[in-house]
Structures are given as structure tokens and as C-alpha cells.
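What follows is a short report on a single structure.
Going in written order, the chains are labelled A, B, C, D, E and F, and every chain counts its residues from 1.
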Amino acid sequence: MFYHVKELQFEAKPDRPDALMAKKLQELIGGQYGEMSVAMQYLFQGWSVRGNDKYKDLLLDIGTEEIGHIEMLATMVARLLDDCPIEEQEAAVKDPAIGAIMSGMNPQHAIVSGLGARPSDSVGNPWMGSYIISSGNLLADFRANLNAESQGRLQAVRLFEMTDDRGVKDLLSVLIARDAYHQNQWAAAIAELEEKEGLLVPSTFPREKERMDIAYDFYNFSEGEASKTGRWASGPSLDGEGKYRYIKQPMPEAGIPVLKPAPLKTHNTLPSVSLGEE
Amino acid sequence: MFYHVKELQFEAKPDRPDALMAKKLQELIGGQYGEMSVAMQYLFQGWSVRGNDKYKDLLLDIGTEEIGHIEMLATMVARLLDDCPIEEQEAAVKDPAIGAIMSGMNPQHAIVSGLGARPSDSVGNPWMGSYIISSGNLLADFRANLNAESQGRLQAVRLFEMTDDRGVKDLLSVLIARDAYHQNQWAAAIAELEEKEGLLVPSTFPREKERMDIAYDFYNFSEGEASKTGRWASGPSLDGEGKYRYIKQPMPEAGIPVLKPAPLKTHNTLPSVSLGEE
Amino acid sequence: MFYHVKELQFEAKPDRPDALMAKKLQELIGGQYGEMSVAMQYLFQGWSVRGNDKYKDLLLDIGTEEIGHIEMLATMVARLLDDCPIEEQEAAVKDPAIGAIMSGMNPQHAIVSGLGARPSDSVGNPWMGSYIISSGNLLADFRANLNAESQGRLQAVRLFEMTDDRGVKDLLSVLIARDAYHQNQWAAAIAELEEKEGLLVPSTFPREKERMDIAYDFYNFSEGEASKTGRWASGPSLDGEGKYRYIKQPMPEAGIPVLKPAPLKTHNTLPSVSLGEE
Amino acid sequence: MFYHVKELQFEAKPDRPDALMAKKLQELIGGQYGEMSVAMQYLFQGWSVRGNDKYKDLLLDIGTEEIGHIEMLATMVARLLDDCPIEEQEAAVKDPAIGAIMSGMNPQHAIVSGLGARPSDSVGNPWMGSYIISSGNLLADFRANLNAESQGRLQAVRLFEMTDDRGVKDLLSVLIARDAYHQNQWAAAIAELEEKEGLLVPSTFPREKERMDIAYDFYNFSEGEASKTGRWASGPSLDGEGKYRYIKQPMPEAGIPVLKPAPLKTHNTLPSVSLGEE
Amino acid sequence: MFYHVKELQFEAKPDRPDALMAKKLQELIGGQYGEMSVAMQYLFQGWSVRGNDKYKDLLLDIGTEEIGHIEMLATMVARLLDDCPIEEQEAAVKDPAIGAIMSGMNPQHAIVSGLGARPSDSVGNPWMGSYIISSGNLLADFRANLNAESQGRLQAVRLFEMTDDRGVKDLLSVLIARDAYHQNQWAAAIAELEEKEGLLVPSTFPREKERMDIAYDFYNFSEGEASKTGRWASGPSLDGEGKYRYIKQPMPEAGIPVLKPAPLKTHNTLPSVSLGEE
Amino acid sequence: MFYHVKELQFEAKPDRPDALMAKKLQELIGGQYGEMSVAMQYLFQGWSVRGNDKYKDLLLDIGTEEIGHIEMLATMVARLLDDCPIEEQEAAVKDPAIGAIMSGMNPQHAIVSGLGARPSDSVGNPWMGSYIISSGNLLADFRANLNAESQGRLQAVRLFEMTDDRGVKDLLSVLIARDAYHQNQWAAAIAELEEKEGLLVPSTFPREKERMDIAYDFYNFSEGEASKTGRWASGPSLDGEGKYRYIKQPMPEAGIPVLKPAPLKTHNTLPSVSLGEE
């Protein structure tokens, strides 16, 4: 169950309206790695935890924090859209600065949302449930989370570099710091789990059931051997159970697959069609 | 530039047709973490690498391998669909085993693809470009890759447990081994990069520009303190630059946001509407 | 800013596992009118309110309540998935009841989410940001909200009729009651706004700018005049500003549109192609 | 069965080409509340009506009208795209007005559709079947329709304010008038149904089966009591069956949910992982 | 402008309810090549025709016909859903035939649409605007149309084979005949255009601007030369302007691409990271 | 199984950076008819071929070629994005040429992909599996392929006309030539198949099972008879089996459909609601 207070956790006030920045900030709200993604991802993961209270609490703590991040960004976007020039007038379009805003802003910010934030990314794609993962395997999911915070901080940093608006930079400096913490945090949780379970997800699958003879081979499928010098190509494997092997020229183990003709009722092309030709 | 040989890298022959398993295996072809995702993700990442030949080669090696994985799975799905009972007949539907197949199989396998694989997941959602990421920051992207291989192996393992078809299990045992290797490999590449760049992505952003005073705080937003016992809540941070701090009762730093009325031309609800009431 | 407590607002415990019901309940989580939709819709509307505190508070009250509804349903789905038969075995498939579950359940519940809820609907479509609306015009949006609660209650009621599991029925009886209240509530908010603004959205557009001569006409575009007997076809209009008029045979006012040929550089079909023919 | 005449119902001729307006008008064609949505929504509702001829006729009348609206808008968009400057030349880009058009127009209008309309919205998202609803419950659906016409008129009005092209304004003044009528019409149909069925959808569910003790409670989940002053918070309910009650501090009724561990074969994280820690 | 008559062009009455067939028939309504696709594709193409009245008329004739096909199929689906068993009861699930229906039907047919058709395909994906094309080049588009009718007829034929319901077969025999006619028709229109314009789309691009030296080469990128025996590999080309050439071993013409480092402000991985290693 | 060489098949070097062209070229990478579509379409078709080796080889040859096309375009896009002005500064925005780039470029090229290509089209929609078809019927699919190459060449030609960058034109002149060849090739393959199978897809359905009495009728559903003069309206049909017939005034063959009331448990609107009115 959730409670809300109206105060923002951190301030979200730009120095001046800027409809182009409003459009770009949408990436942090409804993009693949925006705040809607991390909020929903952590909550769904948390709600699905089975018998690991510490991690359940962790996920619900951070998932709840992230809803507040959507709120701050939505507030910022609404303010960046204040007074945006929506009227096409000959004079307006001829002023380069106004023209750039009018042609570059997200038209749905004016037509659909009435100067409010949208549940979409910076080009206007709606947020999708398929951006997130909750698998029930916490080591797998914490890796997803570490990636999300890495991509998220990278995007926030890029946006920070794109603007000289002090207020926007202030909010981004908060998000950048939180994404740094969250990288620190998921890395710590991963370290805890890897210590117990080892490197491989899932750890509970008996390895003798997999093809262990190919489980440490690097296949050189792209001509050139620059990749040979990496730690993944020789020496003991990170999981401590094998030795990396570099396969310079990977060869097929199986033959050419031949499929049975389809039954007549599917009305696929009949095999005789080309058999006659060859 | 790519070349193709018709031999499969590994065998893909089920013991017997099984339209339900064909539907489920689609998750590994066109699901969020299926082979289309890893193939496309690694290739796009590889094509975008700027000046790091070793990693470019690595990405193109593995991306190329993964196209061959789609091929093996597509072959397997086609064979699992051989002779599948598509005809609704009173007798058929009453036989529980046939009824289960007819009602449970993916109808598009019969109607649309004529017993071939689909570029979709196990419920029929089409594969989407938004499943993948290529950011230009390799540490971020290798974390995405480690996650993808973790989720991918987890799913392959679950499918392995669901069937007793020896041929399906054989192919899965290959994919499980390769996903194990790829976890080993991305973990090694990550270790290389973290050694140079440190834990945080991106490493090149000057930390004094972010809100360092909140960059190590854990916010306890979900009542209950089970999460306090984790490594993320106290002690030195994994990035070596700070000390974790547990904030038992996080409080807002900013006030209640008040937005300016929208200009008349947007025809939003006027502020007077409720001001009159209060 | 949001806080979370781990207690559920209402109980979410089924009498027994039921993977088919788990699949169906997903409609209430991630469907077009599921709880993700109302939670996000009300929050985005609330964050965008400009100067109408009463309505802003209302929206944030209910939006916050709805996140807790996702939580209850996610918990219910996880429990319905306990012990679900995921293994295909000859014996299993031949038992009609087990076969029905195995072929009918959402395969992603086993393969992807590890027996947890998904951010998707009952056929597996991911939730999308394009399900929701926040326009800045509260009368328009409250109508969207009344519709959402009407569709939502209808779906919950249908699901109530589909099961005899007491625990599922208990949770649904809560959601049905809340959706009833929320219909009551949005209807009340609409009544408040219509009293001030009138029926038409937006109320602030000067009506002389629209084609008032056709603003009360019913066009009978589908042969047959059953629709003529409705209140929309004669008598004073509900907005109090006109009189409904039934146009039995609507006729075009304009001519046949003729488009200019495209410039050569678009390489559209040249007009001469068919002009020569006619 | 449908017939078509080539005359447009109303004129659709802009004063001058304007590729930016063409892009924006797409919202009214293929947006969430564009004409494709209302046409398809009313037709699907109409085709599904079971035994209520008056409403079936109504829906098919208006659904058929709306196809003609797509036609007028598609014609308008094609004309706005006449002669649009698609060639990037140094000189062109330096002219602010031309540069604004070239950088702001929808590139698919030139590359994909050859200066024709697209089945997409103003940012380029394709129209989706998930924009519409047809539930079989007419009161629910008419509320959806009233919302659609409210959002639609709001968007048309905003677009009207954005342009000074007389021809575009003329077409919009038609659409605004029709959307006004359609609000009047759905409101009338709703009034008819509510008179018979009451406020709540669906009316046929026996209310004793829902949790009546919470069916009139307002939960104050967002701190601050501005929402308390609304008609939804006290007094008799609009459905005439209860009394609104304001719950200042909503408390959980249930306990903290504990989920059973997942079966080993799902390879979820084992419960022991963190139990050991706590 | 469109008119509607309530009579169906052809009868749409199944012999008996069949919720599984209702789900499958959805492919013909809202699938990639369903009637929504052809209706919308032909109408958008028709509305965009510039100066070729014969083809414009043709497109609008057939586009209008196809809306009536959606109508017939929607009616059929509604009837197939009559009396479908939606209640999960122990007894029901144990009856194989009922269990098959309950687990195999589209749950949204019961929960969302109240036994009406959905704007979706046979697995439940919503119809999308991105299924269709209207390019302004009629030869290109008529090829799209010929493909659509080929895929459409193939799917209708497969569905015909899947059922022994006389009424369903009757409707399908109509659709199969119409799709046959429409293949005949688009083929005729293509023949007309190819006679004037030649084989290649677009015909208006001066061929000396393309790389004519590679415009007739077949590249043998997949080992094995079975493809060498086709008409595409030797002899005069179908466009009458060249001679096919079989390139047994295609070789790259360009070198290995090297990308410039990204500017610092993008925070991509710096080139030095791996340069140091190699 | 696939192999990769790092050399590009053809050169992909622009004369100068151009972020607007980078955005537009995305249509050829991840658009409906971009290289991702043809690569995946041909490979899925090839992997599904059952017993027609010549066509299987053909599909896999060309599918493999197309992956290399994605590679060249991705390289080109990365280079066009070199040095793109991402910083909003007052001065910058006022320079029309820079302003045009900043407001018109795809913001995800800077924020998300770090100056690399995206798996998306020119407005930013992610590529989707639903763009492609693989039906098992080769004549149907080769028609899809001929359409794809026609649309693809048309788009490449339009882009060629939009730029004066020599390097971009060079790459496009390659793609245009290859798309010309591929039209030539699929046309040849179609001719081979039509010679054996006839015009209609599928050829294996016994025609007496369809409604032959309506299989050659043209229905004039759009008033005006311009379409009457086409080859599709009179004379012998292209399939050689019938005679086209022009039906000036198509009439319904069936009556008005009446649907049974829904069962009470669906809570649809009851029929009595309006019966009482009429």
C-alpha cells in the first residue's frame, strides 16, 4: 500500500521555459531506461520475491523512490512547456530561435497533453511493459537493474551536457547522484548473491546436463583476431570452473537441415515445384 | 559483410512433433531476451564501436554466432510443428491430448506461417527493436549483455525442465552452455573495463557536478528495515569513493510544486474553476 | 513523493492455485483498463494540474490508491501460479484437467516471470503508455476516468462470474466496490465541472468560430431510422444551446477532391499514366 | 455493407502548403483520439450490439460518418504537403523558414507516403487497435465515446488556435462542430441509459456481492485534504444508494503477504539465499 | 463520404457456437493481412492518388468493399461466441471438450469485448497502422496489394480446412472467391502499369545514377549453388535492360570501417580504453 | 551458420556530418521496408522452406546479403552523426542552420545511442517483427518480397533526391542498384512459380469449394465508373479461368444480422433496455 506527500523530494524548477528540452527529458520519464521503467521493474520484482525479505524490502524501497522521480520529471517538463510558442505565424517561423522550437518540439505536448508530461520517450514512443523484466531469479534481475541504472545515468549525464539551464542541471545532478548510488547498490547486492551462488545464472541447474565441452569456447565468427587478446579468450574462466578456449575457425557440427513437406492442408508450396527443376 | 553455410552449428531435431513446445520455444527466438535480441544487440553495438577494435571484434564475433542460434531454433520449431493437428473435429476435440494441443498451440503457426517459426515470443508478441540497447558506452552495454545472457540461460533452463524430448533437450543443452560461456565472457569484459574505469557508468562525468551529498544514501521508502542488513546500507561503497548511509525516514527537500496556469489557447481547465470552490 | 507499507490494503489469497485464472486476472493488471492504466492515468493527470488544488489532490489520492491495487493483484497472480504444472509429460497431457491448464496458461508465467505477475494483459500484450490520457482539460479527463472505472468494473464483474474460488471472489468484490465508488466519484466531479462549464469540452472555445449550422444535426448514414427515436435526434440539445435535427439523407457539401500531381522528385506514379487511358 | 461517393462531405482545401501543419493534423487522423479511433470504435460497437436496434443504428450512423472524416483529413494532409521542400541544400537550410519546415516535418511524409497521409499520429506512432473499446455494455461504451469526442474536440480546438490558414480553420470548424454534436449525442444516449440502469456500470451485478462497506469511502492517500471539499467526499452518493465517507487516514486491512518458495524447476532464487543473512 | 446499409453482403451464420474458431477467425479481421489491413490500405492509397482517376476509383471501390468484409467477420465472430462456457468449474474443466474451449479461447472475448469481435489478430495482437503501405507509387502499392490478397486467401483457405462448420465454410468460400478476384484484379492493374513503366519501381529514376555494374549480379552468400539454376541467375533480365550474372564468391569492395571517437560530451567509452591493451 | 568479415561490401562514407540525413536514413535500416525487414523476412522464409532447395538457397543468399546492408547503413549513420551539435546554447539556436539540426535531429541519436544507429525508422518507431511475413507458400512470399524491394527502392531513390552529399549518394546508388536487381530476381522467381502453379495463391485449393459465381465480379462500391475501363473489369481474367464482370450496383445478398442477447453473466446491456423504447 502506498502513501503520497505533495512535496517533491527534490526541486524541479527550470530557469526558463524550453520546449526542446521538455521533449528530450521525456527520455528519462518514458524511455526504455526512464523512471517509469525502473519504478515498475523494481515493484514487479519486489512483489514477486518469494521468501527473501531483505531483497524484497530493497526492491520496494527503491521502486517507491523511483515513482517520486517520475513526479519530479513530470513537474519539470510541465514547467519547461510554460509559454511555449504554439502558434504558427509567418513572423514566428522566420525567427530562427522560435522556428527551431516550433518545428522541434513534441507536437503532442501542445495538442494532446496541454503542456503536461507524456508517458513516452523523447521521440514519442509510448512506454511499454516490455521494457521491464521480473524473472524470479534475483541475480539475473539485479544484473538487469545494474544495467538500467548504468544506461539511465549515462542518459542523464548526456542531457546534463546539452543544457545550460541551471534548474534543469540541478535536477539532473540529483538523478545522476541517485543513479550512481543505485549502481553502487545493485553492484553490492550482486556481489552478495554471486558470493553464494557463483557467477552463472541460474546457479541451480546441474551443469552436467549442459554441453560442458563447448561451455568455455570462444568462437571467432568475425574474421580478424583482435578479440583474442581479451580475458574471455584464454586462462581460467571467471566462474572458476573451466578454461577459456579460442576457436579460431568454428565449424558446423551438424548437417544441412532438411524439413519434411508440409501437409497438403496448409497449402504451402509443394516440394515437387522445384524438385522438377533440379 | 556476412557469409552463410547451410549446415547447422548444432543439431536441431526433436524426437517427435509437439506444437505446444513449438509455441514455448518461440520465447527463445523472438522474446525480449531471445536470440533475435542478442544477435541484433551485439551487432548494433559492434557497428557503433568507435576506436576499440578488441571490443568491436568481440561483439561482431558473438553477434554473428547468435544469428546461427535463431537458425537452429527456427529449424527446431518447424520440426516440432510437423503433422500438427489443425483440424477441429468433434472426435479430435474430445481426445484430451489432441484437444490440449489444438487449443494450446499458437494459431498463427498454422494460419500465418504454415508450420514455420515466427519472429515473435511465446504468447505471440512480435519482436521489437525496443528490446535492445546500443549506447556507445561499452561498460553500460556489456552489463546489458550480461543481463541478457542471464535471463536467456534462465529461460532455456526452464524450458529444459518442461520437456522430456531428447532432441529438444539436446539443443537446449547447447544453448545453456553457450549462455554460460557468454555470461563468463561478458563478466570478463566487464572486469577489464571496471578495472580501468571504475564501477560507475559513465566514468567520465566529473563527480563534483552531481549531488555528492546524496550519492551514497539508501532511502527507506518501504516501511520495515529488512533491507538495512545488506552491503548497500553501510560500510564503504563498492566504487571506493564513499560510505553507504541508511536514511530511515527520507523527507522531501523541496516544497509542493505549483504550476502556472496554461495559456488560454490550450483550453486547459481554467484555474478559477476550483479556486471559486475552496 | 511516495511511501510504501508492506501490508496489503486488502487480502489477496486464493483458495487454491489456478494458472488459468492467473492468466485472466492479468487483464486487471496490465490491460487497457487495468490498474496500471488507472494508476498512471490519475498520476499523470494530477502532476499536470495547473492551479486547481482540489482536483490535483483528488487525482493524486486515487492514483496512489491504484498502485496498491496493482500490488494486490500481483500478489494474487503469484499465488494462483503456485505449483502450476509446467512439465509436459505424456500422462499429464492426457489428464483433461491438467492438459487444460498446461495448454491454456500463459507460457511466460513459467518461462519469463518465474510464477510472478507480468505487466501485460490476459493475452500477453504488454501494457502501453498509449492506453492513458492526460490532456490538461479536467472535464475531458474525468470523462476518461469515468469510462475507465466503468470498463474496469465490468471486467472485474465478468471475472467474478468466471470463478468459484472464494479468495479470488473476495479480492474482486473489493475491486468491484472500489470501482463503484470511483464511478460515483468521477461522476460527482464531472457534475461539479459541468455545472460551471457546461456540457461541451472545451468550454472556452468561442462557439461562433465553429460551424454552428451543423452543430446539432444527426446524420443518418446507416440506412434505417431506428436511431431517430433517441433523445439525440429531436428536441432541445443537452447543452441547452440548440435543437437536435435529424438529417434523413445527408448529402456532400463539397465536390470531388482533385490532388495536384506530386513533384517529380518523389517518384510517385505520374498522372499521365492513366490520363492517357481515359 | 458500405457505399462511397467521391464528393467530400465538407471542403478540405488549405490556403497554402504547410508541411508542419500536415504533421500536426495527423493527430486527428491516427492519434489515440483521431478519426480512425472513433470510426473503428463505433463500428465495432455497432457490429456487437445484441438486441438494441436503436443503439446499433446510432453507432453505425456515426461510425460511417467518421470514415468520411478520415477522408477529409487525409485530403487536407495531402494538400498541405504539396510542394514541400524536401531537398537539403546549403542555401535552403540557412533560410530559417525553410529550415524549420525541413527539420520539423514528418520525414515519412516524404520518404514513405510520397506526400500522402499516414495512418499515424503527430509524432509518427502507428494507429493501434488497442486505442479502442467495444465491451458489449453500452453505458460503459457510450462513456468511452463521450470521452473520445471530448478529447477529440479539445485537440481540434488546439489545432485551430495554432494556424491562421483559413482553409485549415474551415475544416477544423466543421470537425469542432461535429465533435460538439457528438458530445451532445452521447450525453443524451447516456442519460437515456442511466435513467433505466442507474449510474453504475454494470447495473446487473447484485450489489450484495461486493464489499458494500467500502463502496462509498474516499481514501485520502495523498497528504493534504484539499480533495475533502468535493461532492465525492460527503453527502449522498450520486448513485442514490449510499453516503460518501472521507477516510482521512486509510489503513491496511490485510497483513504483509508472504509468498511460497517457487518449485526448484523454475530456478528462481532460493529462499535460503537471504534467510541465511537475516 | 460513406453510406451504410445494414444488410450483410453475404451471410455470416455458423452452424454452432465455437469459441476456438472465433479466436482463429480474428486473424482475418485484425491480423497483418486481415480485412482491416486491406480496407485501410486501399482507402489510404485511394485518398492519396494524384491525378489517376481510374486507379483512384479502383482503390476506393475495393477499399469500401473490404469494410463490409470486416462487418461480416465481426458478425460471424459474435455468433461463434454465443453461449461460450466462461465459467471455470471443476466438472467443466474435466470434460475434455469444454476444457479445450475454456483454456484455448481468447480470454478477452469474454472479459473485454463481451462476446464481440476484437480489432486484433488470432493471438490477440492489436491491429497496427504499420501493417499497411500507401506510397504514392501505384505500381509499388499494387504489388503490396497483390501480396496482401495472396496472403489473405492463403489464410482463409487454411481456416477453411480447419473447420467442418458449414456456415463458417460458406463465409470463407466467399472470402476465398473475393481474394481470388482481387488477385486477378491487382495482377491486371500491375500488368497495365508495367506495360507503360517497365518492371522496376520507380521507373522515373535515371538508371545511370545507380551502380549499373552491380545491378544484375546475383551474390552467392549462402554456400551451395542450388540457386544458380533459377531464371534470376543467368540469361537476359526480366526488365529487358541487362543480363543476370552469378557471382559465386562475392568479395567486399570496401575496407574495414573505422569510426572517429565520439566527442567527450557523449560519454561513450573512450578509445584509449582498449588501445592500451592491444 | 554465419561468418562475418569486417570489410564492408561497399563504401559508406559521407562527405560531411549531417544529423538530419542520419535521422532520415534510419528509414532504410529499421523502417517497415528497411534492411532489417528484408534480412529477417528472407531468412525466416529460407529457414521454413520445406523441400525446395533452389528457393531455400535463393532466400538464404539474399537474406545474408541484406544483413550486410544494415551494416553499411549503420556505419553511414554513425559517420553522419560525427560532431553533431547537441548543446543548446543561445547562440547556437539562433543560427538557423545549427538550429535546424538541433531541433530536427533524432534526440535518441544523442541521448540513447551515443551517435550510433538505432533499430528504428525515420520517426523513431522501433522495428517490429510484424513487418515481415513468412507463410510457407513461396509464391505468396515472393510477391511480398517483390513489394518490399519496390517500396525499398522507391524510398532509397527519394532519399537520393534529398541530399547532395556525394558519399551518401554513392551508398544509395548501390542500394538502388541492388533493389533493382532484387526486383528483377523476385519477378523471375515469381514467373517460374506462376508458370507451374498459375496466378492464384494458393494454387492447391480446389476452386469448386469457393463461390465461383462471384469470383470474377468487380463491385463498384465507390460511385463513379472510372474504374470500369481497366483490364480488371471486362474480358478474360488473367488467371485464364473466367471472365471479369462489372457489377455497377452491388446489392446485399444476405439480410440484416440479428445477434442473440448475451448471457446474463457477461453483464452486457440487456436487450430490454431499448426494446422498451421502440
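The rule is simple: contacts are C-beta pairs under 8 Å (C-beta built on N, C-alpha and C of every residue); 3 or more make two chains touch, one makes a residue touch a chain.
Here's who's who by UniProt: A, B, C, D, E, F = Manganese catalase family protein.
Source: prediction; values computed, not measured.
Rotation angle relating chain C to chain D: 180°, from a CA superposition, given to the nearest 5. When the contact pairs of A-D are matched by residue number across B-D, A-F or C-F, over half of them reappear in A-F. Rounded to whole angstrom units, the spacing between the C-alpha centres of chain B and chain F is 27. Annotation for chain E: residues 1-9, 32, 48, 50, 53-55, 57, 60-61, 63-65, 68, 75, 78, 86-87, 96, 99-100, 103-104, 110, 112, 114-115, 120, 123-126, 128, 130, 133, 135-137, 139, 154, 157-158, 161-162, 202, 205, 221-222, 224, 226, 229-230, 250, 252, 256, 259-260, 262, 265-268, 277-278 touch two or more other chains.
Chain contact topology: the protein chains form a complete graph, every chain touching every other one. For chain A in complex with chain F, the touching residues are 18, 20-21, 23-24, 27, 31-32, 96-97, 99-101, 103-105, 121-125, 154-155, 158-159, 161-164, 221-224, 250, 252, 258-262, 264, 266-271, 273-278. Every residue of chain E that touches chain D in the complex is listed here, in rising order: 1-9, 30, 36, 40, 43-44, 47-48, 50, 57, 60-61, 63-65, 67-68, 70-71, 74-75, 78, 112-120, 126-130, 132-137.
Every residue of chain B that touches chain E in the complex is listed here, in rising order: 1-6, 48-55, 86-89, 93-96, 99-100, 102-104, 106-108, 110-112, 114, 120, 123-126, 135-139, 192-193, 196-197, 202, 204-205. Looking at the complex, you find that chain B touches chain A at residues 5-12, 32-33, 46, 53-58, 60-65, 68, 75, 78-79, 82-83, 86-87, 110, 114-115, 125, 128, 130-131, 133, 135, 137, 139-140, 143-144, 146-147, 150-151, 153-154, 157, 160, 169, 173-174, 176-178, 180-181, 183-189, 191-192, 199-202, 205, 207, 209-212, 214-222, 224-227, 229-232, 237-239, 242, 244, 250, 252-257, 259-260, 262-263, 265-268. Across the interface of their complex, chain A is touched by residues 154, 157-158, 161-162, 224, 226, 229-230, 256, 265-267, 277-278 of chain E.
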